[in-house]
């Protein structure tokens, strides 16, 4: 922990006199993806509220060239006790930077950083989560209980871009679907970016109307919101991503594949405050660790047939126990 | 006659610091034709732009029928019955003739008068054309019609707006003699109807022929206003230029030597693909000037462009100093010491946004003498440009001034300087003095004659018959893409005779010489 | 794949999708056209569309009325265009710089306002949706073929098609249209006839704002019911390309937009067909390659029509 | 050439524009920030006081200089290319391939080979638009915009599939280039990398080429008056093609310098609009190489200012961007200069 900060002048704070923990969150992009950036922000915000931390978020923007310098100026300012940063895009940058600032501490999410003593890193087994989404989708398309499920065994996947990180979701999704029924067809399309919501919608409509996909899993950030809307408009089903998007179109977004970045970031910050966070450690947060999973809220409980819920619980248990092995295309 | 308009002590400083008017006074009487003369850059156009509200005087007053008026823009000027035909056409090329005529004052129809009333437009224009005898195809796009007709469109524009005072800024500069005559007929008809005309020209013959009074400007100041009847061209030119001006070119009889250029059966198409040259044959010898006369549009432009490599020929041969020119590029031909002063100095003859020096080195920048290693030799270029400007009396601050800021006469001198600086063996000169003041004309003419005497073969193309006659040793007349006569320029040769050939009314007797020419 | 394209062509899905892709491009391109013929090339279409997309959905959902939303979107877009005019006409900023500035501004201000007003980042989906209505034609909608062809499209699709007609009339049938062309082509000639050149330019920019505004509103209230940051994703630049592809004339622009819409629709089908061997990046290229091909095709055909070969080639 | 008075007027015009822009920016800051002074000082002072930030300004200015030059070259030839973005990707891509797959060359040979490959790739890619313009008369704005998409998608495919570094995990990139060919830091401890040397060298060369060489003379002549150039025997098509390819080579150079100086290898989406920023730079500089140095540094400065303001105060990123836009607009407001000059020149007159 950060026991000694007597030199810092602290304004009157909630947790009685003790110096506030100063946290900086560096976003290598911009907030508003309704995905992992926002999710981490929620974790950080929660830490500010519940743990009384002093939080500063810096958005680096979409220009990759800015990120290394942006993060470094934050680190070099020496104003923060711990820096939260993540995503696979930052891995190389942080690996290079952290050893040069051995006194600074980093909490890294969404990738494993390797053996660096001042970094605690967390990787989410997104292929595990996507496996569940795929299994879920296969169960939905074969369901006879769901009104909008057609006899065709076709499910859809819409990715933002045709890049490895997205294709890792896709690979898990396909494995999940094949696990339930090897005959299920998976139709995949890519928007080309993470912003073009109209295109995300058109692609979904084409999958649903042209290819008879009755459920579509989107991994396309803002563009994916168009996909969710398409499902609602076409009277079909969708699966949200990263955070719980079930409530956007109740009954149409049947579940969401969540990366629980918020919870894990909050947890890490809490441990940090207590001085218990093990720097130098790399964790893989899968289903078992609660790092990924399907969003099972009230909507899930009420809109998804019990039979599917039961099957999913069963599959989840098998994944968690390691009985089902899932291949990730990364590493 | 009553004073209709008066400009008093007008000063004008342009934003770039040029003082174009430095105390001008001008009185226009109702119903007169008032000529305005002066050297290039004397401030004639500027003065008229102020009268038409396009420029604001820096100081001074303008009075209309004795009342001071302010002109905030052309709209105000139009209210006072003013109309202006500009020195450079103010037309929108892709619009039709009738759209250009009514532009800004369209007949309207429909709800809230939102739409154009093309019927009314057609009727009004037809009537206008009939009344003033100015015929132009109303539905033709302006970019497709010849200059003479563009000029008519400009005048129709002014008449359509009901102007009673018409300013014509060098209207005859681009007209053929025939077109000029027609224009003068129209002007006379207008004056007879009570219109007032202000007329700018560099041609003193025209001043004498048509004006009632003439005002001379020099360096932004009024020198004087004279009754035309009480003066003569010599006096006017002396007032303008400040010295005697020669009106006849002094030249010795030609001493022609070997043939430099010989063209045989040359054919070429115009921009639209129609045949423009239908088998032209001619020969120019060292030490002579061959003039090309003809009504504009009879193939002169195409002839010059084909010889200089700017237009492909479809048949025939061009030989120059024993070498074949046909099929060579413009660059190669220029490199063979062929000089070419193009008819259009504003676009083809000069790059207005480049400096004078850059305009002058067009033939030299590849020359090793102007290089230093892989680079251009800036000092050498500067020296060269300064020398040229001195020899050809180009008046400008220095060689780094943009060519576009020169007056027309000075710009033409730059073009001539460049083409002569390469010591051409063949010099082709188109419209060498269009829009140029009399002092500069004298100078340019004498330079051309000097080259002839130096042994160059010279071809002069001009819409100005008097210019062709003044410069040429022989005159070839073009009509419909053919050379219909080649005449020796002797004392007996008259403008009327050439004129007949130009109109395609040639007689058998003179065709003899034409045949002779073909036999070469 | 071919079978899939064929069947979707036959059941007219292709046409429906084409119309949806075409509409924002067509509208924005018509806006670009009007400013372009008046001599003020508007590079800022992208930013204008974003601003309008945000404003229209924000106002539309607040007022509960899509018409108010669309009007607000257009208004905001027009306002920005007038500012562009102020900077370029009055202050002499290069119109291209002003256009890029609008693009950067549009992206920034929408995200900023979204967080300030709605406390959301990235996207805004109002709970009360007020989409631009679809036009269901009473009798026609039940006729098998004609019904799908003509009925059920968003009102904005029809507005876009009517806008082509509107632009034809505006440009060729009204005095104002002639003034626009004159100002763009020969400003000094226009000025010498007392045509208020600058005012015409402002108005042309305002028109381009109005049309870009419609295009933006269609993105957030027609094609979707949400605003997503940077959701135009290059549509404004495609519209700019269509302005030039369409040879600066409304019908040409309609054809250009149709070509682009068709290419996008076909691309969508190809992309959603299972088992295409072509990598997705190459499929995504189709609309751009088709646009290039169309441009070259039209130019070469035009050149064959003219008799004189260009005098000097390489 | 310009007189001292003109230069003086120009400079005071710029000073006024900057002051007005800052006033506008300050107004926005006052309206949105609770710590306006901190925000303002981090916007204006931070980029030039902290050595790390100075280095960042320089690093950001490097690609802007190169793309600015690329565009100035075509603009001067009268061609409105918007294709620097795509050419930059092609250059970075080809250069990175040469860096990774050509093995066994000594550094002093390998480095120029990499640069050469990048410039050649940029030039060849640009030649497509050039040939379409000269032979098919295809509008260069349309072709270059389309070709940008094509280049970005093509390189994206290859970097995600064929040439992906297997160890790169979720981020698509090629293998890192060997450190010896990378552009290292100029001075240890100072973040500016060697790209600035390349950029300044390019500025000098382009300046000489444009203003002191026969090629530049032809190029500018074609841009100013194509008819005159044709009349003078210059093949305008050849000149246009040359200028577009030259521009492509410079854009390719910008790409590889970013790769060697910042990223270490070719990464997907690494440019983020540098090719379009170059258009702004070239126009701000009125296509003059020296102006481009100033404009790039200015642009980089306000970009870094926007970042430091965001990091150092409560200003959100978007407001920082808006202030950045205001600065660009006002500094390029020639009308301010015009008014100023006019007042000085016609002073004493009744206007």
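By written order: A, B, C and D. Residues from 1 in each chain.
By our rule, a residue touches a chain if its C-beta (ideal position, glycine included) is under 8 Å from a C-beta of that chain, and two chains touch if they have at least 3 such contacts.
Quick caveat, the model's predicted, so the values are computed rather than measured.
Participant: Contact counts by the stated rule: is the higher one at A-D or C-D?
Facilitator: More contacting C-beta pairs are found at C-D.
Participant: If you average the Cα atoms of chain A and of chain C to get two centres, how far apart are those centres in Å?
Facilitator: That gives a centre separation of 35 Å.
Participant: When the C-alpha atoms of chain C and chain D are each averaged to a single point, how far apart are the two points in Å?
Facilitator: Distance between chain centres, rounded to whole Å: 28 Å.
Participant: Quick one: chain A and chain B, Cα centre-to-centre, how many Å?
Facilitator: Here chain A and chain B have centroids separated by 76 Å.
Participant: Can you list every residue of chain C that touches 2 or more other chains, as numbers and ranges?
Facilitator: If we look for residues of chain C contacting two or more partner chains, we find 111, 279, 281, 284, 311-312.
Participant: Mind pulling the chain B residues that touch 2 or more other chains?
Facilitator: 310, 329-330
Participant: Which chain D residues touch at least two other chains?
Facilitator: Correct list: 153, 156-157, 160, 230, 235, 317, 338.
Participant: Which chains touch which?
Facilitator: Chains touch in the following pairs: A-C, A-D, B-C, B-D, C-D.
Participant: Where on chain C does chain B make contact in their complex?
Facilitator: Going by the criterion above, the answer is residues 169, 173-175, 178-179, 181-182, 185-186, 188-195, 306-309, 311-312.
Participant: What residues of chain D sit close enough to touch chain B in their complex?
Facilitator: Per the stated touch rule, the residues are 1, 208, 212-214, 217-218, 220-221, 224-225, 227-235, 338, 341-342, 345-346, 349-351.
Participant: Considering only the defined contacts, which chain A positions touch chain D in the complex?
Facilitator: Residues of chain A touching chain D: 30, 56, 58-66, 68-70, 72-74, 76-77, 87-89, 91-92, 111, 161-165, 168, 192, 330-331.
Participant: Hey, which residues of chain D end up touching chain A in the complex?
Facilitator: Per the touch definition, chain D meets chain A at residues 50, 52-53, 56, 59-60, 63, 153, 156-157, 160, 164, 167-172, 191, 258, 262-264, 267-270, 272-273, 307-308, 310-312, 317.
Participant: Within the complex, which stretch of chain A touches chain C?
Facilitator: 30-34, 38, 154, 156, 162, 185-187, 189-190, 192-193, 195-199, 201-203, 205-207, 209-211, 222-223, 225-226, 229, 248
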